[in-house]
Amino acid sequence: MTTLDNSRAHDFGGHGHHEGSYLTPKGGFFTTVWDWATTVDHKKIGVMYLVAVLFMFFLGGLAALAVRTELLDPVRTVMVQAVDAQGKPLLDADGKPVMKTEIVGQTLARWIPPKGGEITSIDYGNQLYNRAFTLHGAIMVFMVIIPSIPASLGNFFIPLMLGAKDVAFPRLNLLSWYIYVTGSIFAVSSILLGGVDTGWTFYTPYSTTTDAEHANVVLMVLGAFILGFSSILTGLNFVVTVHKLRAPGMGWFDMPLFIWAMYSTSIIQVLATPVIGITLLLLVFERMFKIGIFDPSLGGDPVLYQHFFWFYSHPVVYVMILPAFGVISEIIPVHSHKKIFGYRAVAFASLGVALVSFLVWGHHMFASSGELGATVFSALTFLVAIPTAVKVFNWIATLYKGSIALTTPMLYALMFLFLFSIGGLTGLPLGALATDLHLHDSYFVVAHFHYVMMGGTIITFVAGLHHWWPKMFGKMYNQFWANVGAWTVFVGFNLTFFTQFFLGTQGMPRRYASYVSEYQTLHIWSTVGSYVLLLGFLIHLFVFIHSLVAGRKAPANPWGGLTLEWEAESPPIEHNFAHEPIVTHGPYDYETTVPPHWSAKDYPLPHLPANAH
Amino acid sequence: MSTPHAAAPEVFDELDPHGMGAYTKHSHHIVSGMTLKSILIILLAFTAITVGAAQAEKFIETSLHIELPRWVNVIVAMSIATVKASLVLMFFMLLRYSNPINTVVFLFCLLAFALFLFFTLLDLGTRGMINPIKAHQVEAGGIGGIRAGWRADAPIINQAPVVFWRERKIAEVGIDEYNRMKSILSHPHEGHGAPAVSSGNMSINRPGITPGLFSAVAPAAHDEHAPHGASPAPHGAPDAPAHSPAAAPASAEPAKH
Amino acid sequence: MTTLDTRSNPLGADVQGGTEPLWKRYLPGHHWRTADEEFDACTLGFWLFLATEVLLFAGLFCGYTIMRFKFPQAFANGSSYLDWRWGTLNTVVLLLSSYTMAASIRAFQMDRQSHGRRLLAATFVFGLCFLLIKFTFEYTPKLSGWFIAFDPALSHYTELVDNKALGGLFHHVAGYGGKAPGQFFSYAFSEDPWEPLWWSIYYCATGIHALHVIIGMTLIAWCFRRALFFKAYGPSHYTMVENTGLYWHLVDLIWIFLFPLLYLIH
Amino acid sequence: MLKTLTNNWTATLAESPQGWWAPGWRWFFQNFGVNENAKLTDQLYMEIFWISVGWFVFLMAIMLICVVKYRRRPGVPAPYSPSHNTVLELVWTIIPCFFLFYIFLQGFHVYVDKLVAPGDSLQMTLTAKKWDWTITYPNGAASPERTLIGADSTQFGGENGSPGSRPIPIFYMPGDVPIHFNMISQDVMHSFWVPDFRVKFDVFPNRYTTYWFQAKLQGAETNTLRDSTGKDVVTAQGEKVPYIDHFIFCAEYCGDQHSEMLGIIRVVPMAYYLAKTEEWNIEGKTPAEIGKLVYQSQGCSACHTLDGSKGAAPTWKDLYMSQQPTNAGSVVADDNYIRESIYTPQAKIVDGYPSNMPVYTTAQIDERRLQGLFAFMRSISKYAPAEAAPTTAAPATPETEKK
C-alpha cells in the first residue's frame, strides 16, 4: 500500500501538520463568505461548482417539467356554442346558434396568461412551450451536463487522486468558476427578458431572425459563448495538472481511470470549444449586423452553421459522457473490491472516443447533408460504438468474481449500465442512414440522447456524488432512503423516456407544442414518468440535506477504495495530504493491497495463484 | 496561503521513476542573437517572394493573357505562408528547443483544424452527385428582410444590397456620371477593369424565390417521361452558377440540364 | 492571466525586500515542487491556450474557404479593393515586432534589463504601427470614404474629392466608402452580388485579429511595467514575458496566413 | 384512451407483413410500410432492434448473475481472477465490428434507394414557408383544399383530432406512380417528413433538395372519399374514389406554429388526380375564381379570413378599397396597396397586426393571379364599385407612392 515515508517526502503541507478540514470556517460569516469567494482551493471551487450546477439543474428541470406538462394534452381548437353573460346560447339572425372557437390544452398559457388574460391564438401557448424547451436544452447542455462531473467532481478529485495539492493553475480555476457564473447570468437574464425560442442548437436562419427586436437571443448566445471560456480554462487546467502534478511514483498507467477519462474530456474541451466560440460570435454578429455568413439572403449558408455547430457539439457529447465513464470505472472496482478488467483497454478507449469524436459530427445532419458527406459520416459514426462497447464489456467483466456491495453508488452504476446500454444500442438505428432519415428529429432521438445524457451522465453524476459524498463533506447519508431515491429515479426515468422511443418510431416529431391525438397515450405515460423522476430527485435532495445536518461522521475510507483520495481525511485538510503521498500500488490492486485506513482483519486478501501477475 | 518552502530536494528525481521532470532542463534555452536575426531576414525575404509571386501571376494573366488555374495562386501563397509559419514556430516560439509535448499540442490542434476543414468541404462540396440541382446555391434564395443600411428604420429591400445601391447611385447621379466615377474608383492597381454599366442590365438578383421556379411553365420539351399530358415540371433549376451574375439575369430562361 | 506570474504582491515585496530584483526573489506556487516545473507547466498551459486560439481562427478560415469556393469572383473583386502594399508593410511590421519580442525574451534571459525593456517597447510600438496602418489607411477609407491627406492612394481619386475636414487633413472621396460587411454594405460600384460576404469575412478576420493585437499589446505593456518597476524578469524567472511572447508570435502567425489569403488573390 | 391506441393500429400478430420476427409491430410503427422503401426501412429497423435486444439481454443477464452470485459476504475476499485477457478483449472488440459493418451497409443500401428517384417520376415543386406547405403540380396548379383535423376529417382522430387550430392543406397524389419533389424554403429551414414513407429531408432557403416517394394504392387498405356532407364522391364514370391519407410533418424547428405545420398527402387513383389538378388549373377561369384558388392554395387562408372574424391578419371581407390605418399613415386598400403588401409586405403594416406576412414573388403570384386576387377581393367587399369593372390598376395615390 501507499507508504507515508516521513523521512523522504518533503514537507508537503508547507506548515503545521494540524490544519483543519477545508470546510472549517475561517471566522465570522462574512469572513467565511469572502474566503470562499476568493479561494483558490480546488476543493472549495469544486463545491462551488457543485452548488451552481445543482441550482441550474433545478432550473432546467423546472423547464423540463413545464414541457412535459404542456404535452399532457394536445392543443386543439374546438367549436363551441357561444353564450352570453347569462350563460344562454347566443343565436344569430336566422335563429341558429352562434359557434365560436375555443382553444383547449395549452397548460403553460393558463399558468402564465397573456396580457389580455384571454388566450386568443395558439401562438401564445406555443411561444411559451418553445421557450420552455429551449430553456431546458440550453441550461441542461451548457450549464449542467458539460460542467457537472468535470467541474465539480473533477475539480475536487483530480488533484486528490493525483496526490497533488491543487490543480496546476488555481487562480485560473477560480476565474473559470466566475466565468461560469457570468455566462449563467447572461443566460438567465435572457430568460427574464422574455426567453429564447431558438432551441439550444440556435440553428440559422431561424435564430438570426426570431425576436428581431429583442436582445434575448444575443444574451443567450453570448452566455453560451462565455461558458465556453469556462469550459476551455477548466480543460486546460486539467490537462496540465495531469501532465505535471502526478504524485511521485505515479506513471501514466498508474493513474485512476477517472483521471484518464477526465484527461480525454479535457483534450476535447480544449480542441473543440474554440470552434463554438467563433460560431456563436459569428451568430451574434449575424444577428446584430447581418454579416451574412450564415444568412442565405446574403449568400451565406445555413448548413455551414450546422457544420460549425456540430464540430463542437458532437465532441461535446463526449465531454458529457466520458467523465461518466470515468466515474463508473471508479465506482465498479471500489464497490466490488475487484481490479478493473482490462485497465489499458478502458484507458485507451477513453482516448479513442476522444479521437473519434472529431470525425462523426455529420451524423446530426443526415437529413441536411449531401450524399457523400452523409455516407462518410455514417460509416465513421459506427466507429464510436467500438470503444464504447469495449468499456461496457470491461465493466461487466469486472463484476465477475467480485465482492459486490449494493451500496447506493453501486446501485446507480448498475443502473447506468442498464440505461447506457439502451442509450448506446438505440444509437445504431440513428447511425444507419436509412433508419435515421425516418427517426431524425423525432422523439426517438429525444429518447436516445436522454438515455445517454441523462441515463448516462446525470445518473452517473448522482452516483459519483453518492460515492464521494462522505469524502467531500465528511458525513454519511442514509443508504436506505438513497436507494429508495435511486429506484424511484430509475422507474421514473424509464417511464419518461422509454415511451418516447415508440413515439419516435410512430412519427412524433420533436419540438412540437401540440400533436395529433394518436400520440396522447404515450405522452401521458411519459409525463407521469417525469413526475416520478421529480419525486426521486427530491428524495435525494432530502437525503443529502439530512446527511449534512444530521449525518454521522464519515470514516476516511468508507468503501475501501484504493485511489489516493481515500488516503486523505474526510473531509480533506486544506492541503489535501499531510505528507506528499508516494504511489507504490496500482489504483485497483484489490488482490494485493489492504485499502488505506482499513485493517487487514477486515479485509482478508485472496489467495493468489502462482501465475498471477 | 502560499508559504515559502525550501527548494525541492534532489531526492525527488529519485522518487520519480517516470521522469516527470526530465525535460525541465530544456526549458531555459537561450536562442542566439544571430539565429533570431537570420530568421527575421529569411521571413522578410519570404514575404517579398510571396508578394512577388502574386505580382508575377497577375502579370502573366493580365499582360500575357495566359489563364492560370485558380489553385496556383492559393498553393503558392499557402506554401510560402506555411514555411514562414514553421520558422516562427520553431525559432521565435522556441518549439525547436522546448518540451516536445508543446509541439504535440500544436500538431493536434492543426489536426483538428484539418479534420474540420476537410469534412466540411467534403460535405458542402459534393452536393450534386446524384441530382445536380442540389449542388447549386439558389441564385437568389433567402429569407428577405435585408435592410438598406444599418439603421433600424432603413427600408427593407428585396434585392441584393449590391444591386440596390448601384441602382440608387445611378438614379442619383445618372448613368454617365456613374460610369465616370466607376472608372476612377477602379484604379489600375485594383485589378479588375471597370466595364461600363448599361442601364438595361441592372436587376440581377432578387432575394425570395428563384425566378423561374413558378412562372416558367416551359414547353413540354424535355419532359416526355411525364405519365400524363400535363405540362412539364416547373422546377426550373438555376443552371448558371450563382457567382457569375452576368450569366444569371432575372428573366426566367427555361432551365436546361 | 494571473497564473502566469508570481503570486506575491510585487509592490509590497519591493518595499520590504530591499533592492533585490523581483525575479531573484520569485517563489513558485505552493503546489509546485520547483520553479522549473511551474515554468514548464505554464508553458504547456499556454500552448494549450494557443491551440484554442488557432481553432478560434479555424472557424474563420473555414468560413473563408467555403465562401471563396462558392463565390470566387466576389472574393477576387473584393480583394482587388485592398492595396497589397499596405498589407505587405503590415506584414513587415509584424515580423519585425516578432523579432523584437523574441530578442527581448533573450535579453531578459541574459539579465540585460534595459535592453529587454527597450525591445519590449519597440514591440509595442510596432503593434501600434500595425493598428494605425490598419485603421487609418484601410478601415476608415473603405468604410467612410475619408482619406488622410498624405495617403498615397488619394492621388488616384483627386477628381472625386468632395469634402475636406480638419483643415484639409482628411479628404472625402465621393462613392469610395460603404465597403462594409453584410447589411452595412452600401458601395455602389460592386460587380458581384455576393461582395458583402467578402467584406464580412474580411472584417471578421482582420477585426478579430486586430483585437488580438490589442490584447497582445496590453500584455506587453503590463510586462514592460513590471520589468521597469520591479525588474520582474530575469534568467531564472521570465514566465510571463515568455508567454506574452508566445501570444504575440501567434498573432504574427495568424497574420502570415491572413495576408496572402486576403491581399494576394486575384 | 386505449381506444385511440388501437384505433389506427389494426395490425395484429398474425397480420404482421414482416413475418414472425416483428410481433410488436404496431407498437413501433403506426402502419405498415406503404411502399417498398418503407418496408425495407422497417425491416432494417427490426433487424437492428433484434440485434440490440440480443446484446442487451446478454449483457444484462451476465450483470445480474454476477451481482447475485458475487454479492459481498463479510470476511470473504473477492476470489482472484485475471484482470485482463488479450484474446477475450480482442474477440469482443472484433465481433461487434461485423454487426456494425452490416448495419452500416444495410443503412447505406436503403438510403440510396431513398435518394435516387426513378427517371419517369412525376415532377412537382414543393415550397415551404412559415408555417405552410405548397405543392405545385406539373400543370402549374396548386391544391386549394384544406381540412381542419378533427372537424371534418374522417380518418384522423375524430373529435379528439388536433392540432386542428387551422386548416392544413391536402395534396392529392396519384397512387402507384413515383413522384419527385424539388423542395425549397422561402424563409427558415424546414424538414419535409412523411412518417409513413419513412423519409425526411430538410428544406433550405438557399439550395434545392429533393424527395421522392411512390405511395401504394392498389391492393392497399383504402377509405372511400366523401364530401363535406358525408356523401360518397363519385367520378364522372360513376365510380367511388378510394384514397389513403398520409400525414406530413415539419421536422425542423421553425417557430411558433412549427407543430401546426402539417399537411396531408392524399393518395388517389391517377384519373381522379388528373381531374382534380385540371379543376384547379387556372386556365379558363374567371378572375374571381382564379383569385379564390390563389387564396386557398397560396396559404392566404391561414391568416386572412373571409367572414370578417379576426385572424392573424386583416380579414378580406370588406377590405378592398377600405381605409386602413397603417404604421405609414392611413391608406386606401386599393390595387396598388394590395400589390405592395404581397411583394414587399413589410412596407406598411396595418395597425394591430404583427409584421409576419411572407414575401411573395412575381414568380409565385404572377400578374394574372394577382388580378384574380383583386377581382376576388372586390367581390367580397362592400366598398368595391358595384359594377366590379375589371380595371387593370387603379391610379396611384400620393400615399401609396410614399415609401
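Each chain gets a letter, A, B, C and D, in the order it is written, and its residues are counted from 1.
As a convention for this text, a contact is a pair of C-beta atoms (placed from the backbone, for glycine too) under 8 Å apart; a residue touches a chain by one contact, two chains touch by 3 or more.
Please read these numbers as outputs of a predicted model, since none were measured by experiment.
Visitor: Starting from the mean Cα coordinates of subunit A and subunit C, work out the distance between those two points in Å.
Guide: Roughly 38 Å separates the two chain centres.
Visitor: Report the inter-chain centroid distance for subunit C and subunit D in whole angstrom, where each centroid is the mean of the CA atoms.
Guide: 52
Visitor: For subunit B, jot down the residues that touch at least 2 other chains.
Guide: Counting only residues that touch two or more other chains, subunit B contributes 1, 3, 5, 8, 12, 101, 108-109, 112, 116, 120, 124, 127, 130, 134, 137-138, 141-147, 150, 160-161, 242.
Visitor: Touching at least two other chains at once: which residues of subunit C meet that condition?
Guide: Residues 29-30, 33, 37, 40, 44, 48, 51-52, 54-55, 58, 62, 66, 70-71, 74, 183-184, 193-194, 196.
Visitor: What are the residue numbers in subunit A that touch two or more other chains?
Guide: As it turns out, subunit A has residues touching two or more other chains at 10, 14, 205, 209, 243-244, 271-272, 275, 289-290, 295-301, 303-304, 371, 374.
Visitor: How would one label the connectivity among the chains shown: line, ring, star, complete, or other?
Guide: Graph shape here is other: it fits none of the named patterns.
Visitor: So which chains actually touch one another? I want all the pairs, not just one.
Guide: All chain pairs meeting the touch criterion are A-B, A-C, A-D, B-C, B-D.
Visitor: Mind listing the subunit C positions that touch subunit B in their complex?
Guide: 7-8, 27, 29-30, 33-34, 36-37, 39-40, 43-44, 47-48, 50-52, 54-55, 58, 61-62, 65-66, 69-74, 76-77, 79-81, 83-84, 88, 91-92, 95-96, 98-99, 101-103, 106, 109-110, 156-157, 159-160, 173-176, 178, 183-196, 235, 245-246, 249-250, 252-253, 256-257, 259-261, 264-266
Visitor: Can you name the residues of subunit D that touch subunit B in the complex?
Guide: Touching subunit B from subunit D are residues 115-116, 119-125, 127, 136-140, 174, 177, 182, 184, 186-188, 204-210, 270, 274, 277, 343-344, 346-347, 359-364, 366, 403.
Visitor: Which residues of subunit A touch subunit C in their complex?
Guide: 10, 14, 159, 164-166, 168-172, 175, 232, 235-237, 239-240, 243-245, 270-275, 277-279, 281-282, 285-286, 289-293, 295, 298-301, 304, 308, 575
Visitor: Any idea which subunit A residues touch subunit B in the complex?
Guide: Per the touch definition, subunit A meets subunit B at residues 8, 10-11, 14-15, 40-41, 205, 209, 243-244, 246, 248-252, 267, 271-272, 275, 289-290, 295-299, 301, 303-304, 307, 311, 358-359, 361-362, 365, 369-374, 376-377, 574, 582.
Visitor: Could you please specify the touching residues of subunit B with respect to subunit A in the complex?
Guide: 1, 3, 5-6, 8-9, 11-12, 15-18, 20, 101, 108-109, 112, 115-116, 119-120, 122-124, 126-130, 134, 137-138, 141-147, 150, 160-161, 207, 242
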